[in-house]
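Shared between the two complexes below is chain A, which has chain B as its partner in the first and chain C in the second.
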Partner chain A sequence: MKNGLLLDAGSGGQASRRLISECFFRHFANPLLERMDDAARLEELRSPIAISTDAYTVTPLFFPGGSIGTLAVHGTVNDVAMLGARPQYLSCAFVLEEGLSLELLDRVVADMARAAEKAEVLIVTGDTKVVPRGACDKMFITTTGVGGIFADPAPSGHNARPGDAVLVSGAVGDHGLTIMGSRENLSFLTDVSSDSAPLNKMIAAVIERAGPVHVLRDPTRGGLATTLNEIAEQSGVSLVLEETNIPVHNSVQSGCACLGLDPLYLANEGKCICILPADRAEAALAAMRDFPCGAEAARIGAVTPAEKKPRVILKTRIGGSRILSMPEGIPLPRIC
Partner chain B sequence: MKNGLLLDAGSGGQASRRLISECFFRHFANPLLERMDDAARLEELRSPIAISTDAYTVTPLFFPGGSIGTLAVHGTVNDVAMLGARPQYLSCAFVLEEGLSLELLDRVVADMARAAEKAEVLIVTGDTKVVPRGACDKMFITTTGVGGIFADPAPSGHNARPGDAVLVSGAVGDHGLTIMGSRENLSFLTDVSSDSAPLNKMIAAVIERAGPVHVLRDPTRGGLATTLNEIAEQSGVSLVLEETNIPVHNSVQSGCACLGLDPLYLANEGKCICILPADRAEAALAAMRDFPCGAEAARIGAVTPAEKKPRVILKTRIGGSRILSMPEGIPLPRIC
Partner chain C sequence: MFTEPAFQDPKLCRTLLARLNHVLDGRALRFMEVCGTHTVAIFQSGLATLLPPFITHLSGPGCPVCVTHDTEIALILDLAGREDVILATFGDMLRVPGPDGKSLKHARAEGARIEIVYSPLDAVNLADKNPDAVVVFPGIGFETTAPTVAAALLTARQKKLNNFSVLSLHKLVPPALRALLADTPNSEAHIDAFLLPGHVSTVIGLAPYGFLAEQHHVPAVVGGFEAGDILLALCLMGEQLRDNKPTVRNAYPRAVNDSGNPRARALMEQVFMPVDALWRGMGNIPESGLALRPEYADMDAAKRFQTTLVEYPPPKGCRCGDVLKGRISPPACPLFDKKCTPASPVGPCMVSTEGSCAAWHKYAEHE
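Entry: the complex of A and B
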């Protein structure tokens, strides 16, 4: 154990089987996974189905509010939920570096198991590759989620309509700033932690109480501003936001001010954007606020016709307005 | 272009979108992928469903007979097919190293697109992360496949029964030896190439013509011997093989002799093991032989009751017999 993970643990032989039974099966235990065939059999999945995949490469592996393990479950669960689906099953593939601490791997896998249990999804199949020292930085995890779509019609980034209200399920920027603070040991950011959370139950409640919504998207890489730009472009509309209504924690606001960052461009891992007819906005907000992850939900703007081209416009606190453009890149890689 | 991939290409911003449209969408073009929502919507998938995932970390990225791109499609397509399913959709997640040649990435993605077209599967959703130089070795790809199970009852490693025949769809060891030869520049292995191929159409023909089969498994990492050991253990039976009947190309046999390797423990990427009632073995072999990937299909042994414990026994050319044990590890990492 004290020498860490050996290459043989990814070989498919006895050493692989020990890793699988002593680590993965111990935490993820369920009958579908334990069949150990080349693929898992899913009985209870009804068309239409949503499928989403994400590779998680975040560094550091553990940070305030979560870990690569919680992200790998929440991120994919949320992406499936954004199609108006109930996430039911996950697959996971690990690329692990030779010499990785087995204790650390065990903690990540335990985090994944707890996150999956909380989100009520089963991890049903997986793969493990071990690469030589230096061929990857500790570990990468790819998860794929599937689930039946219950929303009819289903939400899509293409469906925002002039007159719709734009909601966000809570304060933005916490995840991005937390990763930056953890990586750089910024001691003035001690009161910031990741918002990593599963949103599937909140989404189901919103659709149940407010009816079908036009758009659901989670503003991860590139943050709120980037995701809203994508929606504006896909739907061919403009989005007009009220800066005073966008929830941002004081700690995030002040941390961003110190670092010269804009919280609207920082990644989130437990928030969603919801766009729906304005007359149902209050019902959707009330449904969100019944959940801890939606307690700070707010109506932040409205959809308008695009004038020359689709834009995201921010009406600022001081009464001006500015265009929130699509960023070229972001300053921080490996944030999720 | 000549500086290679920039970190910004994984940021979620404009640079990401250019990579997605100029590389991934150009090759994978299909309406489901191009929706660009957080998840893809699959209409034509009927329960029960098979799902399988694999991370591909092979080095070198290109080798005689294939590339990481062909493997990433064939490997997952085959795993889904092994459950008696028709692979229909794939997701793919890339972890790319900063500075990676864009020309090289384009070649890999083109290989994936061709392999998917040949296997008649659609790549419907994906993710791209770019990590800093040194945080991964060029590229890793994780694919997840889903498809409806048509075999009833479906095959499983648990279903081998005494009296069944053991078939293999062709010669073994080519992929493993090819990777070893490419990596070490072994010039005497010039006539060996990977068997990487999609098996889904052949599997469908076998089940159509020979009826439901008991076991289907593809002997990848650890090769034929390791996979047969897994089946013996899962089914609680022994497997008795006739060495003279196991197809091994002369080039592989002689390459293995030079290197002190056993072809029965080398990885394959376009072969399957099929175990079914003996009276239907000839029908299954005939179905396999109708396909180029099954041209060398052979009946290699029989299932017997386990005596003390499940074993894989090889009756050798010279009339003796030896136990093919489960290996502890394998000498070559990053073979797939």
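Entry: the complex of A and C
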């Protein structure tokens, strides 16, 4: 076992100190972290404050377009941003498996540092535990993000109103299919990669240029269809989408066709849904398209009053319609 | 980067729909498809909402998970629970409940080693990497899947792996169609025409369906899976009905060769032999399944683990059988959307994403 992590590294003693300084401090370097107090003191937060936490357990740790490290930063940054907030600080907790390759850990931490730098957030406090072999799968990371809410009124899943436009910031399904592909070594999925990206700067630009928006959500697990269903239910409205306008990359479309999956139900890690009054839709789209992560932004539908009960309805390419319902559990590829 | 699928072209579909209306001229058409991918495609494309009211879509026994008998599911669960077994399965088997309501998901949570694979060859690799365990691959599926399972088995033999085995529960489509037409007082299901499965037909070709037209005078058309493909197949059915000239036609020539794929069939025949098989809701159908030939007994999980089939009665109130035979549509089942939902499925038609009950639940307007 060359360069494998020992249980000692989580002991709190010298071995822990070495791991912290040689790995975490080296990559995350900033004065708030380096004080090494029990907690970080944050001076620049203005209330109201958005806070969000998320645990990351993805397998494999590295995949085309990102890693558990980029997800741990982008995922939490995006969750905070969806409240109309500017994410500023992150905390992170690592659960590491005994025997984990230190080189692997270093790569993940370097990815986190780069992602944090790009998103302009500081990692200011953290924790490391090492658990016996088999007690976790290589590594789990939990991050918590905080930031001041600048949007007034702040967006919420409850605020969609009939007449609003529904926008998505880019093509959907890439991340979900990439993870499935790299987990299973699906050789025919050559042209897909995760969309893992921080959305905070794009969100700030959208709100600055298009004014306050009614709803912002990032369609991660469960994909676009699931998140839209949640919004419809929270707001008590129906959402009518045009299939032709929903961006899905060709590679994702064909990969999904092979596996019997629906890209609208696959996870995204760098996309947001934005619902706002229709007259400001174009301004919001223009703002999104100024960013690489929003280059393929599109207006995909409209909010209508709920008849009987809130629904998400898809007008299909050939002019028919179908319901986009809440999925049951994880999408599983079919037999033939 | 974003191209429109050619066979979902709105203009093409409108043209075909007009042709269909013209051909049928108000004549009722009850057609049955026997492929889960067709079931889903008809709903997913929105075609279900565009077909004229005098066309009725029936989903027959075409979803491999749905037609797998309770007894067979129990067998898979039994093997999954054995020590030293790694059960390598396609993902959609995971949620299917056995006779006691427990599925492979439960078995996995209780410690069974269950791996999702995307191809039978993945299961062979799994055996290669885990010499301490016996990999059992439940061979579920129709003529589309059987040749790949045969190929995997031959690969395992070539690699001299003695820890790879197949539980062959494969089913054959033509005998089921024969049983449907024989068993059904055709007044009850009343099938005017068959939309034949595109994937299965790439292997078996058109000949095995000949009896549909010759003996039963039912038009049958092989169709692809885009809205345009399905509409074209419906037009051809309509023309045969109008002209009273039932025959077997291929409306999916870009994928299906009229004579099928002889190489795939040869592989299948080398490894498997036809046997009677149990179908959910349809019971025993002669010569409708595939078992491993005696030469491959060492890789036959049923023989290796000396399994015995235990008969279980179907779940109480579940009418999957009537759904599969086209006698009722899913909402007519008393359990549909009440006791039986995708969250807690009673019958397998609700479990598999390609099952007709699950498709109705997911896509169709209902309260």
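Everything below uses one rule, namely that the second predicted complex is superposed on the first by the 329 of 336 C-alpha atoms of A that agree within 3 Å, B and C clash if a C-alpha of one lies under 4 Å from a C-alpha of the other, contacts with A are read in each partner's own complex, and residues count from 1 in each chain.
We take it that a contact is a pair of C-beta atoms (placed from the backbone, for glycine too) under 8 Å apart; a residue touches a chain by one contact, two chains touch by 3 or more.
Since this is a predicted model, take the numbers as computed values, not measurements.
Enquirer: Quick check on the superposed pair: does A:Leu186 touch chain B, chain C, both, or neither? Answer first, second, both or neither.
Expert: The second partner, chain C, only.
Enquirer: For A:Gly320, using the defined touch cut-off, is the partner it touches chain B, chain C, both, or neither? Pick first, second, both or neither.
Expert: second
Enquirer: Quick one: chain B or chain C, who's touching more of chain A?
Expert: B
Enquirer: Classify the contacts of A:Glu328 with the two partner chains as first (chain B alone), second (chain C alone), both, or neither.
Expert: Both partners, chain B and chain C.
Enquirer: Given the touch rule stated above, what does A:Asp37 touch, chain B (first), chain C (second), both, or neither?
Expert: A:Asp37 contacts chain B only, not chain C.
Enquirer: Applying the touch criterion given at the start, work out whether A:Gly260 contacts chain B, chain C, both or neither, answering first, second, both or neither.
Expert: The second partner, chain C, only.
Enquirer: Could you look at A:Lys308 and tell me whether it touches chain B, chain C, both or neither (first, second, both, neither)?
Expert: It touches chain C, and chain B stays clear.
Enquirer: Quick check on the output: what are the common chain A residues between the chain B footprint and the chain C footprint?
Expert: Residues 328-329, 333-334 of chain A touch both chain B and chain C.
Enquirer: Looking at the complex, which residues from chain A come into contact with chain C?
Expert: 171, 184, 186, 243-244, 247-250, 253, 259-260, 262, 296, 308, 314-323, 325, 328-329, 331-336
Enquirer: Going by the contact rule set out above, which residues of chain C touch chain A in the complex?
Expert: 1-5, 8-10, 13-14, 36-37, 40, 43-50, 64-65, 90-95, 116-118, 122, 140-142, 144-145, 199, 227, 341-343, 352-354, 361-365, 367
Enquirer: Quick one: which bits of chain B touch chain A in the complex? Just the residue numbers, please.
Expert: 6-17, 35-57, 59, 78-80, 82-83, 85, 89, 91-95, 98, 124-132, 134-137, 140, 142, 144-146, 149, 154, 156-158, 216-218, 220-222, 226, 230, 234, 326-330, 333-334
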